[in-house]
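You will see two complexes here that share chain A, one where it goes with chain B and one where it goes with chain C.
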Partner chain A sequence: MSNFNSAITAQDITKSFGKLKAVDKVTLSIREGEIFGLIGPDGAGKTTLMRMLAGMLTPDSGDASICGRSSLKQHQQIKDDMAYMSQKFGLYQDLTVYENIRLYADLYDVSKKNMKEQINDLLDFSYMRPFRNRRAGKLSGGMKQKLQLICALVHKPKVLLLDEPTNGVDPVSRRDFWRILYNLSAEGVTILVSTAYLDEAERCSRIALMNNGRIITTGTPSSVIDESGIKIASVKTQDNQQNISKIRNLFPDSSIHIFGEKIRINTSDYQAASLKLNENLDGETEITQEKPMLEDIFMSLQSRSGSSEKLLSMVSEGIEKREGSSVITSSLTKRFGDFTAVNSIELDVKYGEIFGFLGPNGAGKSTTIKMLCGLLIPTSGNGSVGGFDISKNPEKIKENIGYMSQKFSLYEDLKIYENIDFYGGIYGLSGDKLKKRRDWALELSGLKERSREITANLAGGWRQRLALACSIIHSPSIVFLDEPTSGADPASRRLFWDIISSLAAEGVTVFVSTHYMEEAEYCNRLSMIFRGNMIAHGTPFELKEKYMDDKIVNISVEQPQTYIEELSKMEGMNDVALFGAGLHARTSDPDSVLNKINKYFSAKSVHADSKLIQPSMEDVFVSLIDQAEVADA
Partner chain B sequence: MPDSFSFRRLKAIIVKEFLHILRDWRSLAIAIAMPIMMLLLFGYALNIDLKNIPTAIIDYSKTPESRELISTFDGSPYFKIRNYYDDKQEIEKAIQRREIKAGIIIDKDFAKHINNGSPVHVFAVIDGSDANTGRLVMNYIQALGMIYNERLTAKKLNFQSSQINMKPRAWYNQELISTFNLVPGITAIVMVVIASMLASVTVAKEWEMGTMEQLISTPVRKLEMTLGKAIPLYVIGIADVMIAAYAGMIFFDVPLRGEPALVVLTATVFLTAVLFFGLFLSIALKKQVLANQIAIMSGFLPTLILSGFVFTIANMPLPIQIITHLFPARYFISILRDIYLKGVGFSMLFTHFSFLTVYAVLMIVLANKKLKLRLD
Partner chain C sequence: MLLKLKAMLIKELKQMLRDPKMRMVVLGIPTIQMLVMSFAMTLDVKNINVTILDFDKSSTTYEIAHKMNSSGFFKIESYANSLDEVRGMLDNGEVRGAIVFEAGTQEKIYKGQKADVQVIADGTMSNDAGIIFSYMSSIISEYNMQNMFRLTGKADTPVEFTARALYNENLDSRFYYVPGIITMMILVTSILLTSIAIVREKEIGTIEQVMVTPIGKFEFIIGKTLPFFITGIITTTIMLTIAFLAFDIVVKGSIFTLGLVVSLNILSYLGLALLISSASYTQQQALLTAFFILMPFSLLSGFLFPIDNMPMPIQYLTYLDPMRWGFESITGVIIKGAGIRELSTQIQWQIGHAVFFLTFASFRFRKTME
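For the complex of A and B:
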């Protein structure tokens, strides 16, 4: 074989669906043992590309290969060398963990001799042994994904194709999942993984950035960032909400967003940008240059259509400004049989606030939101929304709030404008008023030209924008958004948060749940929720300061996975985990541990850069979950 | 050989499908209870034999001759005389009140006409609001009239009434008990229901749930998949055949005169045909609800109506009779009836059996041809 070192290749591979070129002449070569990341916005063609590589979809032209065999002509043979993990959970919910694995072992004709031991090894390796006889349907999101990975690994494939394997998974399980991937890679398994989490992309040995069916750039994460030429100017002002419009006018072509306490500006010339900022901003400002993240590169891919400033200014049209508390609860509890889904939640949310609900899938976020929207009656405790009691006046609440459910709530077989009209009708709009709001909703969702298309045609991010527009078509002053950004690509997510900020700036309460930890930074205040309990609440800053007794040491080092085990054994070390491209070490004794880490790496003569940093939201969350689990046990 | 059929993979699919069925105990319970439910429902609700028809008499004649006619009715198990009236209008009212289904009116001149040999008229009024029952009552009355006539003639010619004694005897089903036809019909219906309820959704469900995408990434072959899905359903189907046979014996004394092995063999071929038809729909339509609806429309309904189970094929208009040949249940029911009631052997059933076999093979080929283990 001429290219045996390339475990996965593609040559000018192309696939169209009707007029849409899903994958357009992609050429790719992935070396044996690499972890290769595929990133790009929704509808970029990642899934189609993977399916063609796996020999499950016939390309229009071009070919691909797995371990030297053609995905086109030998699609049956490549199955022995390869495993593919689909984006949707592909296992049987009514079968137990073991039965699912056994099914796959038989389908792949795994040698029966050591099969039992091998399955047990895989279960141990993924910490799934205790759940061996549990039905797959009763596993948490993270465990489901691990199970699917085990089933993919049972025949010891040389190549793994993973389509967004960690989507919607809590951070603890994601870390665990990546630990397994690193181990596999160390054993020589080649892994192609697509992901919407850009911190995961930074862990890959190489990445390819895909957009509109084409690969735009390939390289190591840092080379992709360096070659982009993007610089980030980060500004801290007295009032970010007010200043961001000003900054948007100053840099009409740049991507600008609020992140934590800072406004970040995507620019190609930092010097010029900082000068311009200094001249135009009043009051105390602090301008620094930040290292761009992959997300910033991602953002630069998509030029925003039209002026985002205009879009954001119209978001809150027609909304009545109110003040005071909008959502109050005390001891709000919901039980389903023996299972306590929500346990004694206390909230006090004000108008104009972005209130975040942060937690993994199944933590109780949706149940709480459903109670607040009058869709579920609480088992005990009480609450009021917009001045109406949630148990006594659910109908009144429904008229006065906007609610966007986690599931896609629009009718796929209706046209886009028909969906808008339907929701307008439900909320009692008609005649001129409906017409006005319809135009507004089309503008907000960016679908003015496509209003007569069937809704089923819309890709992920667009659907979510349309669903949001429909849910606030009646200008409510309280809005509940249940995981509005789930499954959306980073660019759509950022736009979504811009829209949310604009709503809040006009006095709307936006109650939003998310499992993306970094999105917590967009919230004014938030609660962390885990197994139905509120385990922390406060501003993002407070959460990072108040709830973490331990300190975090960030270690930037090549091949970080190889050091986890030894570093964990150090005295005073509480936890070591992958974070972005490096490691985060959690310790209660930072000075001595930092010292030991430096000594450890210099003894190995490995170049590593370690420093004490402010914990990330993910660090806080993981450490709180650890504490909660210790308390449970 | 990567393209070879693997028994291990087949077994893996069979085990998985069995687990699905066992875990979905509601569907399983329905599948097992269905033959008994249907047998009882059809057996009692669709019972076409009439006995003790409530009848009223107006005897204007009041002679020994007329009393003899009345006793012919009263003595038969089919009629039960409820009332004697004097006025025709009372019969009408009684029918309206649903007290009686038939009224017999004997003329004043009845005995006189009999004795001088002129034609005699006896009027019968029948409740025709239920056409089927009405027709049966009419047939019974005519039959009794003939018996009376016969006796009369015999007496006139001074014959012993037993000299010519017509004893009608319906072969294979001596009392013409319609419940005897039930078991073959219900066996066919139950199998078609299993095919439309379980087989028609099984592949579509995998597409809808997203498990298919994962499954086709493995080396599984088409035949392993279709057979693996059909075999567990076949086991349920054969269990139902046995349940239907035993329940028929217990509840309705339906005898099985032929070879039980022949019943199982025929059921196997028929089940294969309908299960693969269900699988074909599931594969072709990829949507559970749609496949299920089409299976009911194209499988269950025609089987119920056109198979000769409820309605006699010979009484249907010719075009419909031709259409009945398209549905395998027709052959299956006819074979089962022959085995159950006539106890005939395989050689007699060859033609119908061949039809079934051709149909089954056709369905296996169609289902496997239609199945694509690819995403495009």
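For the complex of A and C:
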């Protein structure tokens, strides 16, 4: 790549909002045809940087360029070469898919002659043709994002700036979205994408890690991991819940969390760490060194507040310990007109359990949770929460549960402490008790010093912590969280799950829905729900064992997207899809397929590393949904 | 119960008063609008531009024309020379009326014969034209009266007309319009602001979180209503103060009665607005519904068009218009000094409206999401 052209550049670009330096002297150079990932915690300055590159925001100093033209001085001209897709939904809900695309085509002066074919090409390319005449408002989350991308592509831009395009989108739709991005990149389109999903970051040709307005490191995902110097010690113990606090005391400065059946410790010296662990842990332990993931690098960016142990110990303050079943339902059903949103769901959740609810957007997760909270009356079937009937006694339930909705639940125009006081007040707290809980909530959300700020100023992760604190301010013993981590950065997500684990350890039922598949590993038990039906349930381990008849072959190869089509034609191959930086092949006949794959790559003299692996939760999810779709058809 | 209500009230008041734009809407706009509209809205016709086409050019016609000019109702804009010229001036709106004296007017009068004076008025504004005609005829008859003896030698006129207007001796229209505008501003601000109260939370998404708390339906509804009730009373007080300072309008009746009728009036609006708010899904929907309601409410209230002139079925319809009762009782107290006994019908209707709308709104509001 000696004479590459830079499609996107930034030179010492800086932007401040008041005292806050949102972007601080950032210099970037992105090659033509690259997929470049921008990752970093909430409030790192990713959106501000993108907006300046797109010429939508004037930098305080420095300059940027798109295809050789200055974003600062020629921001009108660069619009022809570029498309920017913001986090906000920019489509007209009442127009059909076709009408939306048509509108953007007209806005960009696409010539009328080929417009129709061009739009049809785009619809085929994104598999959106069958939904051509559906109204945008009626599309699922993933399809809306795809439609937005198509609208951005209609004038054939050379550069795409995508700001968290897959936020809140389920894994199946995300795979599809990335397939489109790869194809565009193959056609020479340069893509700059910011994302909160680190498996997506691993698919980028290069990434930049951003924090506090600065770019900390740039490189290929693997070089960023290598250069970080981070080592991961992974420990398997008999009682992880109990041992984790012990380990946290041993390594007060490290980031430590439970992942699957293991505890992962972020350290710079593996040898010393494993010695220390061997000395201090009782019982049977198994310590191994694991390859760090991007998430581990990400976590190391933010030094954990030293009081996290204290924080977690106070989470469950004042909660009454209870035992037995907290949530029971039998054939719980909800219909809206002809549409069955939730179909005969059976649940039995115990106190002290983390119960995960997994499913794509629109599967019926929120509807079920709303019925359990007394916000929706079931069409048929029964249920009880905390011993109260959900149809007959919804108001009683409301006194005993905490609920955090998917929508924003704080008043932006109130100050932080006023939000806490309001929720405390409507839960009937007053005087000293309210004061005590207010301090507790501020501590839990980490906003003690900022309590007099207006809530609108808070960035994503903080808001979610505050919203959680407000929703459990009355110390409920059952908590419903509807996609609490949606859109939060990996560090906030992990803290969130630490809080959830601490609640459960004290006997609280935590009923949580998510579409982050790796988060399913944190749950004690799971239910997968698709088109209103429960298609699987059990522990994470059971789900992987019981529901997967197929085996998974992991293929690590450069440019994985180029092989998908040919590999999927292989005999015995059920599915091939992008996974992280490589491919996952699903097959019922692993031995012969593995053989064929190896032959295929050696015939092409491409270096590829294929091996049989344990399926990930995402593989289980996708395969179950495939099965369900086949059954539906 | 009280705790939760208190939390709700504090939150609502803070939200309302923190936003400078909202403060302006709640307190500033009603007072400004009331000031401007009270000056602008008047049916008194003054300084009507007229032209004189005088074929006689005598001292008598001059005297009559002068009398018109000094009445204050008319202003002689020009003297025309031909009927065509008059027509042109009426066509382009330069004048709204014309007086034509035929040749020999003075001679006819001196001879004791009947002389004709032609009054031409622009009929597009039918109301104004009517007023022009009646002013003119009263000026002419006054002239006749004054000159009866000189011209005919008879001393007495058979019937003399003397008028006295009660409550508003000078027939000054501000005594009618200012209280009327106050009632209209109460209608507009209460309905518009409150109609978005609940639906706004629906749109932002906060309502979901509130509905899952044990807060009761009534605490929620009262918490949403009371702040607007308080601001409604405050704005009304400000408007009454302005009415006194700028227009010399003093409340003739008791302040207590006025407070009672204003409160009842505001309550019935708030109930209706909450009903709109809980039935709507977006703020836009709620505001549009509110606008459609404002129009018939003010047009049928009797403030702009007398109810007695309306066809009977519509007169019955006005019973359902809370502004009708609000207007009648508020102007009644301010101008006539009416008390509770005189206003018993109005007050009963207002209580009926307030109870009906508030109960219906709380019945309609549910703590579930369907």
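Criterion: the second predicted complex is superposed on the first by the 629 of 633 C-alpha atoms of A that agree within 3 Å, B and C clash if a C-alpha of one lies under 4 Å from a C-alpha of the other, contacts with A are read in each partner's own complex, and residues count from 1 in each chain.
Convention: a residue touches a chain if its C-beta (ideal position, glycine included) is under 8 Å from a C-beta of that chain, and two chains touch if they have at least 3 such contacts.
Here the structure is a predicted model, which means the values were calculated and not measured.
Undergrad: Quick one: classify A:Arg463 as touching chain B (first), chain C (second), both or neither.
TA: After superposing on A, A:Arg463 lies clear of both chain B and chain C.
Undergrad: Check the residue A:Lys544 against both partner chains and state whether it touches chain B (first), chain C (second), both, or neither.
TA: A:Lys544: touches no partner chain.
Undergrad: Figure out whether A:Glu99 sits in contact with chain B (first) or chain C (second), or with both, or with neither.
TA: Only chain B is touched by A:Glu99; chain C is not.
Undergrad: For A:Lys158, decide between first (touching chain B), second (touching chain C), both and neither.
TA: neither
Undergrad: Have a look at where A:His515 lands relative to chain B and chain C in the superposition and call it first, second, both or neither.
TA: In the superposed model, A:His515 contacts neither chain B nor chain C.
Undergrad: If you stack the two complexes on chain A, which partner ends up touching A:Tyr423: first (chain B), second (chain C), both, or neither?
TA: In the superposition, A:Tyr423 touches chain C alone.
Undergrad: Touching chain B in the complex: which residues of chain A?
TA: 51, 54, 56-58, 76-77, 79-80, 83-86, 88-95, 99, 102-104, 106-109, 148, 151
Undergrad: Considering only the defined contacts, which chain C positions touch chain A in the complex?
TA: 3-4, 6-8, 10-11, 14-15, 18-19, 204-206, 208-215, 219, 367-370
Undergrad: Under the definition above, what is the set of chain A residues touching chain C in their complex?
TA: Contacts found on chain A: 370, 373-377, 394-395, 398-399, 401, 403-405, 407-414, 418, 421-430, 467, 470-471.
Undergrad: Which residues, counting only chain B, touch chain A once they are in their complex?
TA: Contacts found on chain B: 2-3, 6, 8-9, 11-12, 15-16, 19-20, 23-24, 209-220, 374-376.
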